[in-house]
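Paired with subunit B in one complex and with subunit C in the other, subunit A is shared by the two complexes that follow.
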Partner chain A sequence: MLTELQKDMLTELVNVYVGQAANMLSEIVDKHIVLSIPEVELISISDVDPGDRRYKLFFSEGHLFRSSLQFGYDFQGKAFLMFPAEQAKVLANMCLGELTETIEPEECRLLDTDLDVLKEVSNILLNAIIGEFGNFLEMKLEYVLPDIELLHVTHSDPQILLQNEVYVLVLHTSFLLADTNVKGIILIALSMNSISSLLDKMNALLEDDHG
Partner chain B sequence: MDNLVIQALGKINMGILIIDRQLKVILWNGWLERFTGKSKEEVIGRNLLEVCPRFKLNMYQNILQNALYQGQSRFCSSALHKAFILPKENEDEHFYKQNMHVEPLYENGRNYAMIQISDMTNTSTRVYKLKNLIKELDVEYNKVKISEKISKHLSMHDSLTGLPNRRAFNERLIWAINHAERSEGRLAVLFVDTDGFKQINDTYGHEVGDQVLVETAKRLKENIRSTDSVARLSGDEFSIILNQLNDDHDAEVVCEKLGTAFIAPIEVSSNFIHLSLSIGISVYPRHGEEPAELLRYADQAMYRIKKNGKSGYAMYDSQRDQYG
Partner chain C sequence: MKVLIVEDSIFVQKMMRKLIADHFPESEIQTANNGEEGYQQYLEFKPDFITTDLLMPNLSGQEMLRMIREIDREVRIIILSADIQKVTREEVENLGISGFLNKPLTVEKANTLIQMIQVAHHAD
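Let's look at the complex of A and B:
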């Protein structure tokens, strides 16, 4: 869907955005957090290959932490940040200063405070990414606080996560702190207009570079 | 209607304040009046940073700027932040737990930010207690699991020699027979009785007798394969399961080896005690297929050795081995 050049450009852009979010998070939790987006893709969710390990999150049964943030006006869509519940617990513990390397799925108990912490983390991250995309496209944005949910996903559910066949920007995320490496995924479902604007803007920039 | 909205804001169970782009307080609701003791007349029109010094921190100024200039909403969790608004200045920021929501508002082309403060002190205390309770339960659960493991071990082992007891032996024999049946293999049951143990007890006393049994268990264990099992059935009676035998003769080879192992005397408290073994053998499936049957036949074969002068081994023979 994206050319290599477009992918590289988006990856670079998004890493700058999440770098700011990581700084903010580091300041709040008073620890150095590295947050990276090693890979960015633009896909139709219905085209995802269930065998692709990067999308394991969608196709494995289990509990899933999901935070979603609706944004609108000129740049429109919905962003999701998702982690398997046990990874979400590691992230919450890490922010609360309770370091745990791994959590077994059956030991994963997300308490009220954990959910609040995850709500703030996702708020910071999604705001940074969506806000900067808005700035990049020079488009007006309106957004609200993210909604958080703990879902139980069964094999037949992946499509329900995003109810319609939509194009999504997939950002594979990685939080690094001490010995932990929490991996999650950010999906940004964009309206067709927003996708076109994004691609147009990137193509214009790339042409400038090569022209 | 405006009056009703103002009354509702006054009664609502959370702090709500609105500021403009100059951070001037426009609205200060009843909850904040009650919590801080500062009336709206005192606060409205003043700069937020003077009223609530916590917002002087860069982090919070950025959050406010993002709401006022970028339209960003922001949630701050009580778990990650100290209290935003205190009842009095210089009070402990760690004691009060508050969640904060910052939302942009717009009116007549102007931007405002609404700050909502929810008191989470009780919830945090509850979560803290709950976390401790969960930790305690985990510790207790682990203790119970360990003690169950110990009880199970004790109930299946002989406390003197540490060998499996009769109950454990019966379970192992059932398992071994099932395995042999599935793999069409053969196994042997040895019934081992020490010769003259009563006399040792009478001559040297029970303490020495016990040490002899411990050494007997050790020698038996050392002279079988790790895949075989030895158990203490009672007193000076032991039993051995020899798994996966190629032929019946293998069991006799093991009995020879066991006999040799007891040629050297057992040294206890400077006493050198000579002990020999009488061993009966039964083989699955040749002599029987039931655990009790195999043990009984091995016992009967052992009695033949006892009757014929002790010290040695014998294979079960249905013609020759009968009690009495």
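Let's look at the complex of A and C:
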């Protein structure tokens, strides 16, 4: 549904915004962040294939930490940041200044302090990305307070992560904290109206660029 | 000097409290978990400075700022928020603030925050 030029532009935008978010995370944990090239797709949630390698992290069986930030008005959607629970624990420890780069399974229980830190970190990262979309579109976005959840995912219920979402544009990217196995995924789902606003703005810029 | 920290993250509250206490050992510091508590604390504690987050439960930092500015144009308010939208910044600047910093609070931004407090404190 996206032309090559639109896809290229959107990928570039997401790349820059995620890069800024990664830089913020790098400042918090004092570690280099390795980013993957973002992948941008316009798809129906019902068409998401759990067997697709890109969804491996969040459709793998086990506990998952998920933070979400809902935003609204003219540009509407929900952004998700997800980590396997034990990796979320490592990230929380690093934010609290503990030099734990791996964690034993029996130590991976997330305490209230960890959840508070992870919520704050997620909020900073997701705001950095979504806020830039607002700046790009010259629209004021209103945020709903971020939610955090610990989910248990089994192979039989892969749709648990997206079951209540009706959005169709999926932008996903992953990042890796150097010297650790912490790998998270950011996924942004947008409503159809928001996709139209975004495409209109991009088309206008592309037309300007081509005279 | 009396400082009120309004922030829903306990982690950030602690960081801010330590930062301010380290640089201004004579200061008296109180904390609030959201805008509603922040407004009540403002009325009772009568701080010289307020640092506040924006997106918080019950009452946002922006709403709290608006309510405070209806009765007080003097108290110094510094925003520390993850919201990077230019429109948000303009809106709170129009309400009268002494500074706006985006999270995360890095060493560099912590120094800026301390400088902002010092400048405003000496101007009084």
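One rule holds for everything that comes next: the second predicted complex is superposed on the first by the 149 of 211 C-alpha atoms of A that agree within 3 Å, B and C clash if a C-alpha of one lies under 4 Å from a C-alpha of the other, contacts with A are read in each partner's own complex, and residues count from 1 in each chain.
As a working rule, a residue touches a chain if its C-beta (ideal position, glycine included) is under 8 Å from a C-beta of that chain, and two chains touch if they have at least 3 such contacts.
In this text the structure is predicted, and so the values were computed from the model without any measurement.
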**Q.** Room on subunit A for both subunit B and subunit C (clash or fit)
**A.** clash
Q: Based on the superposed arrangement, let me know which partner A:204 touches: subunit B (first), subunit C (second), both, or neither?
A: neither
Q: Give one of first, second, both or neither to describe whether A:27 is in contact with subunit B, with subunit C, with both, or with none.
A: both
Q. Who does A:145 touch here: subunit B (first), subunit C (second), both, or neither?
A. both
Q: Report for A:123: first if it touches subunit B alone, second if subunit C alone, otherwise both or neither.
A: both
Q. Is A:109 contacted by the first partner subunit B, the second partner subunit C, both or neither?
A. first
(Q) Per the contact definition in the header, classify A:192: touching subunit B only (first), subunit C only (second), both, or neither. (A) neither
Q.
Given 80-88, 134-142, 188-196 or 296-304, which part of subunit B has C-alpha atoms clashing with subunit C after the fit on chain A?
A. 80-88
Q) Same subunit A residues contacting subunit B and subunit C, which ones? A) 24, 27-28, 95-96, 113, 116-117, 119-120, 123-124, 127, 131, 141, 143, 145
Q | Footprint of subunit A on subunit C - complex, ascending | A | 9-12, 55-57, 82-88, 103-104, 106
Q) Across the complex, what residues on subunit A touch subunit C? A) 24, 27-28, 95-96, 113, 116-117, 119-121, 123-124, 127-128, 131-132, 134-135, 139-141, 143, 145
Q) What part of subunit A is in contact with subunit B in the complex they form? A) 24, 27-29, 95-96, 109, 111-114, 116-117, 119-120, 123-124, 127, 131, 141-146
Q. Tell me, which parts of subunit B touch subunit A in their complex?
A. 59, 62, 66, 70-81, 99, 101, 103, 120, 123-124, 127, 130-131, 134
